[in-house]
Amino acid sequence: MKSTCRAVMATAFLALAAAASPAMAGDPIRTIEILSRPQASQPQEFQSIQLIAQEWRKLGLTVNVRVMPWEQMSDVVWYQRADWDSTAWQMVGRPERSDPDEIIYNLFHSSTAEKGYNFIGYQNPEYDAVAEAQRGEIDPEKRKAMVFEAQELLARDQPNMMLVHPKQTFAFDKTVWKPESIVDQSGIGIRNTWTFMALEPLGEKKDIVLNSSDNVKAINPLYISGGVDSWVFELVYDRLIRVGPDGLPKAWAAESYEWKGDKTVAVKLREGMKWHDGKPVTPEDVKFSFEAIVSGEAPMYAPFGSNIESIAIDGQVITFTLKKPAASFVTSSLAKVNLIPKHVWEPIIEDLKTKEANAESYQEKTPIGSGPYKFERWLTNEEIVLSANKEHFNAPKADRWILRIVPNVEAALGMLRSGELNFLGEFSGDPKVLIDAAKQDGDLEVVSTVEMGFRYVAFNERRPPFNDVAFRRALSAAVDRRLIVNAAYRGFAVPSNSVISPSLEFWYDPKTLAELKTGHDVAAGMLEEAGYTLDGGKLHYPGDTKETLAK
Amino acid sequence: MHDLALQKPGLVGRMFRSLKLPLSDPFAVFGLAVYATFLLTAIFADAIAPYDPTEILYTPEYELASDLRPGEQGFILGTTSLGRDIFSQIVYGTRSALIIGITAAFMVALIGSVVGLVSGYFGGWVDAVLMRLADIAFGIPFLPFVIVLAAFLEPSIWNVVLAMALVLWRDTGRVIRSQVLTLRSRGYVDAARVCGSSDLKIILRHIAPNILPLSFLYGSIAIGWAILTEASISFLGFGDPQSISWGYMLQDAFASQALAKQAYYWFVPPGICIILVVSAGFFITRGYENLLFPKLGR
Amino acid sequence: MSHLKAVASRTLQLALVLWAVVTILFLMFRLMPGNPMAAYIDPTFTVEQQQALMAQFGLDKPLWEQYFIYLGNLLQGELGQSFRYREPVAERIFALLPNTLILTFSSLFVAYAFGILAGAYLAWRRGSAVENAAIPLVLMTRAMPEFWLGMVLLAVFSFWLGWFPAGGTRPAGADYDSLWALYTSRDFLSYLALPALTLAIYSQGLPLLLMRSNMLDVMKEDFVTMARIKGLSNWTVVVRHAARNALLPVMTSFAIAVGYQLQGNVVVESIFSWPGLGRELVNAVSASDYPLAQGAFLMIAVVVILMNLIADMLYALLDPRISHA
Amino acid sequence: MTANLLSVRDLKVSYRVGNGHIDAVDGASFDVPRGSIVGLVGESGCGKTTVARALTRVIADNARITGGQILFDGKDIAAIPERQMNALRWRDIAFIPQSAMNSLDPVYTVEYQLNEVLRRRGGLSAREARMRCESLFEMVGIEKGRLRDYPHQFSGGMRQRVAIALALALNPKLVIADEPVTALDVIVQRQILDQLRELQTMLGISVILVTHDISVVAYICDRTVVMYAGRVAEAGPMAGVLTRPAHPYTMGLRNAFPDLAGAASGTLTPIDGAPPNLAEPPPGCRFAPRCPFSIEVCSTESPPLAEIVPDHRVACHRASEAPVLREIAARTETWLAHA
């Protein structure tokens, strides 16, 4: 059925092409490759790519989907920047990405094209200017206008083909936890620090038991080790600011904070806080925490402290002076850096300075923080047990927080239903299955939230024909995003045409998506308009362009 | 010499006869029948399968034809969550299963036989070196080895074949070697040598035909191993998503939560196919053992 | 004297095999495509950070130098640092090894106990309908993909009947004074049941078939007939004489089976969320955590090689014809 | 108390083979007087081992005693229940197998295997058993220090002595020795046989010695039973049967074997041809097809086992002509001409 359809279409195009009878046709476009991860690890991505390839083929392209595991794919994309055509990619949501700076700047600024995260090689001075300007603008409304402009530039240039913002789907046992006590953090979902503090037990069971498919790698406040790990250390360690359920910064260990000019922030530390070993949390500890990350022993955290010129203490008030204005400082630094006890870490860091290894490979036997949960026990690859810090200013209502490592999604669902888990902290399977299971079970409640993160197809702007805006726009227009939402994500995603998620209401520019026109005819029209021709069902370059990259 | 040549059946016939297929054992015959059936399915897959196994199918309303139950919309065994025809996947899966199984078996039997022959026939330092290599191969844990290989090379069904060729010749090699040693000790090899036959001729004429059934026996075990290994590798996510195999189907089914969906029509048939083919290999093996080593008898 | 010599040559051979496996392992991990650190790059990384990371793990040195460093470290029992966990590989491996060993051994004990008894029984009932049905059935259990079997058992006994928990080694948050206290607790047994059963069903075929064919052989031996003529009870004849002799090669196969099982655990550990070495290997390989993957692989290889040796020695020990030569 | 410890009457043993059956022993009768050594002699396949094993009632899975009586101490042990039979085994009827190598369990020490019968079958205490082990070893002339050795550590002759010790362990009344010295070289054969004779005399037991070697019979037996094709051809006192054989088969057999002493009495002449296929035995006398003296009646009628002189029985139609036939049989050409 489908192949006949394709044949008819091709003939139609042939006829059209003949009628237009272009004066000149370029070389036929070589086989285009698109990289994807395997279905086993990334079923939705894999399926999206299959659909996209199928649509592109209808435009007269020969498309080859190359499947490779993440390690290889990242190696090719990062280190062989001239050698690939297009690839599936994703950015995941993190609370500190609630500030758009990281995405807007790192992904598209020309300075990161050679070795940084602008691996697609997008070069646009106009965009660079906007991206730089929004960094220094402290006034939210003015900054918002700049962020909108950046989004519209991207929508125009289509350096990437944005696909969807997936929905995060989690579930919990509503016979164990009071449903009203769940906090749905925008762009993140209900599995978040706020929920873990707020969950209210209904009966005798007071332990939060949740799953992760990935092992916990480290519980180290100076090492950004991975998604699951952050669930743990966000509970064990406090930060001056936390990104609130609404995505905006909220004073936390800081009682309050205030911008004094565009390079100075004054933070007042909350009184009466204690470390888990009983010692008080002092402004000295806070200062130390921010100095530790730039000590050279914590390279992954260093960027979050590198813009700090000096830190001054006056009673409970800590004043940060920046080297250059940075609007995102509050969200991406103050809400990112873990507060660590000076009396524990100072000797460790001094010792590490004499050694080759740095603090990232240092694992405390019992991590000491000041957060709402205390570290109890860690069994390699099996579970992590935290217990509630009842003395915390926002003490959790649950007794313990137990993270079980369950690599198999089927098993995780089974455990949730049997009561071995009471909070589904990760679910990589088909959300419909989860919803059906919840319906059957009766004890479960499922909550889906649009993610801050996004899935996209990156075009390698270094390589023709992807260096042609028209070509990129046409390819992007070829696929109706709703098809991907429905077929690959089962409806558990929203269409996207911006790197800013609609869950970040303040920063999101809805115009980008509203103006995106898709469909086969739209795409074919764009190509024709740009001078691409079809010959024998194969798409050719416009004018006298030669194929230089054919194998 | 003259009339001997006249009586000689064709090479193929001779090879076939020297395989000594265990046709008297009912289970072995069943195994051979299973193989024959799957072989035919694999050869005529294009004619049998109604769809391309990797094609994403749509309903006439242009909706994704996913998770359809058997019989719905004319799909014999239903469709996967990706909208692919399960029956066609089973049919094409036969092809990759047999390709993997038979090439792996061939490699294992060939390499093992050559090593065993050379080692047993020539003895001395050649034997010492080859047998130390076999010791090393015995020291390599097989499944982890395949996993590492599959993870580093691009996902492909040939990884399993390669790994088996690199490691699993060891068992065949050792057995064939001891068989060759026994054969060598019999007079006729010496007799042939006295008559001035070359080593190659002695090996090909006198020894190789006698070890052929043994190679075939180890080959038929290797078929099962290869198919099971490919399935495990696919399940762990190191498989080749481009070529549809039964292991891939099972992995796809589990990843798509066929268990929770109670999509038995999806994860049971590939399992049964694997069990059938692999146990068919075992049945044939047993038939052989009874034939070759009657002392093990029933 | 010759005894000593045999031991010495066996040890030398073992060392040679170990060295070869180690070298193959090293080359395999270093010569494969893909930058080892690529998977650990974060968008926030600067070029300097990436280089520092490479230097920290010694990946900036030439290959041969890395090889000698690796060998030298191994000789000191040093398996290196995990890329992913930033902790000594040895520490992780030794934390997980007991779980894997207990699963392997308990499943093999069950498999061998059952296989030996059933094999002896089938030998005794040879030619019967039971035997005719059982042998193909046993062959089929060996033809089943382990993960498929595991999944089916999980679905039936855990999700459907709810008899056993679905994964892990202990109830959430349960604390035990020691591994010993855990392994001897009742809870542990219920967690162990399904994964061990899966492995046992898969592995009982080997001892069963081996025991059966050995029994058939031994039952034809003169000394068994003699035992009957001596008027010894059936039990004594079958168990003390026939089974005792038939067991010899079966016991030897146990040691080899431990090696094989250890490899097979990879799949079952993933299904039953069992925190063991096999799963760690798969994780480490998928995450390109070379030191950890190498360490886990090496550990499994060492057990396999040791078990091959133990199989040899066990045979010698159990068979007086060799031990009392 | 009867004079005969054992009387076998018309014993029939048949094997199931495929769909049919073979009567390996077809009506054998003979006696074993108390305190004597009876040689059961014949070619391989003549049914002598089957008879020996039938006496213990431990026979092959596909074999069955289909008729006749085995009177042991006046009791028909072919008819008693298995439990009672088992009680008799080894305590009353012991067995010395052909190859002690294969009949001793390789994984246990000799002491263990002695202890096993002494304690499980003889009901001895551990201490008693140990003393008995030592005295048994002394009896067969092996130093007791070797009790702890495994079977494979003994030489062939020594193992056979161990087997004898094992057989005598419970003071049986009857010892059945199945080709006890066949696998040994001639010198060792003599030592073992001497010892067997000595012990038999000392203990006053009866021995059935199964052998294909007529010279062994000549060396130590009191009486001889010659079997051919499942039947008894001739039975009687050793001297009578061997010096004045009345059955042509016995005559032929005598020509076919060297003296145990090693000196051949004239040239050795084998009996030509092979024993008949027992699945389809020839009608009449079973030896008739190979017999140089066969007459018409031989191939139609089966000769009865009849007493020709007191205590000497022969199954031959021409038994009365025995002295003449003996003369002719002594000549080599008789057997050659027939071929």
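Labels for the chains are A, B, C and D, by order of writing; each one numbers its residues from 1.
Going forward, a contact is a pair of C-beta atoms (placed from the backbone, for glycine too) under 8 Å apart; a residue touches a chain by one contact, two chains touch by 3 or more.
Chain identities (UniProt): A = Twin-arginine translocation pathway signal protein; B, C = ABC transporter permease; D = ABC transporter ATP-binding protein.
What you are looking at is a predicted structure, and each value in this text was computed from that prediction instead of being measured.
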Interface with more contacting C-beta pairs, comparing B-C to A-B: B-C
Inter-chain centre distance, chain A versus chain D - centres from mean C-alpha coordinates, in Å: 93
Whole-Å gap separating chain B (ABC transporter permease) and chain D, where each centre is the average of the chain's CA atoms: 56
Where chain B (ABC transporter permease) and chain C (ABC transporter permease) are represented by their mean Cα positions, the distance between them in whole Å: 24
Interchain centroid distance [CA atoms averaged], chain A/chain B (ABC transporter permease), Å: 44
Numbers and ranges of chain C (ABC transporter permease) residues touching at least 2 other chains: 33-34, 151, 155, 159, 270, 286, 288
Sites on chain B (ABC transporter permease) at which at least two other chains make contact: 151, 236-238, 254, 259
For chain D, residues contacting two or more additional chains: none
Which pairs of chains touch, using the document's own definition: A-B, A-C, B-C, C-D
Footprint of chain B (ABC transporter permease) on chain A - complex, ascending: 1-2, 38-41, 43, 46-47, 50-51, 54, 65-69, 71-72, 409-410, 413-414, 429-430, 433, 436-437, 486-487
Contact set on chain A toward chain C (ABC transporter permease) in their complex: 41, 69-72, 74-75, 78-79, 91, 102, 106-107, 115-117, 207, 209, 215, 217-218, 220, 223-225, 299-300, 302-303, 356-358, 360-363, 377, 379-383, 385, 400, 402, 404-408, 410-411, 414-415, 417-418, 420-421
Residue ranges of chain D touching chain C (ABC transporter permease) (in the complex, touch as defined): 56, 58, 86-91, 95, 97, 99, 102-107, 109, 116-117, 120-121, 149-150, 152-153
List of chain C (ABC transporter permease) residues in touch with chain A within their complex: 33-35, 38-39, 41-47, 49-50, 52-53, 56, 81, 84-87, 92, 95-96, 151, 154-155, 158-159, 162, 165-170, 172-173, 175, 270-273, 275-276, 279-280, 283, 286-288
Touching residues (chain side chain C (ABC transporter permease), partner chain D) in the complex: 221-223, 225-233, 236, 240-241, 244-245, 248, 318-321, 324
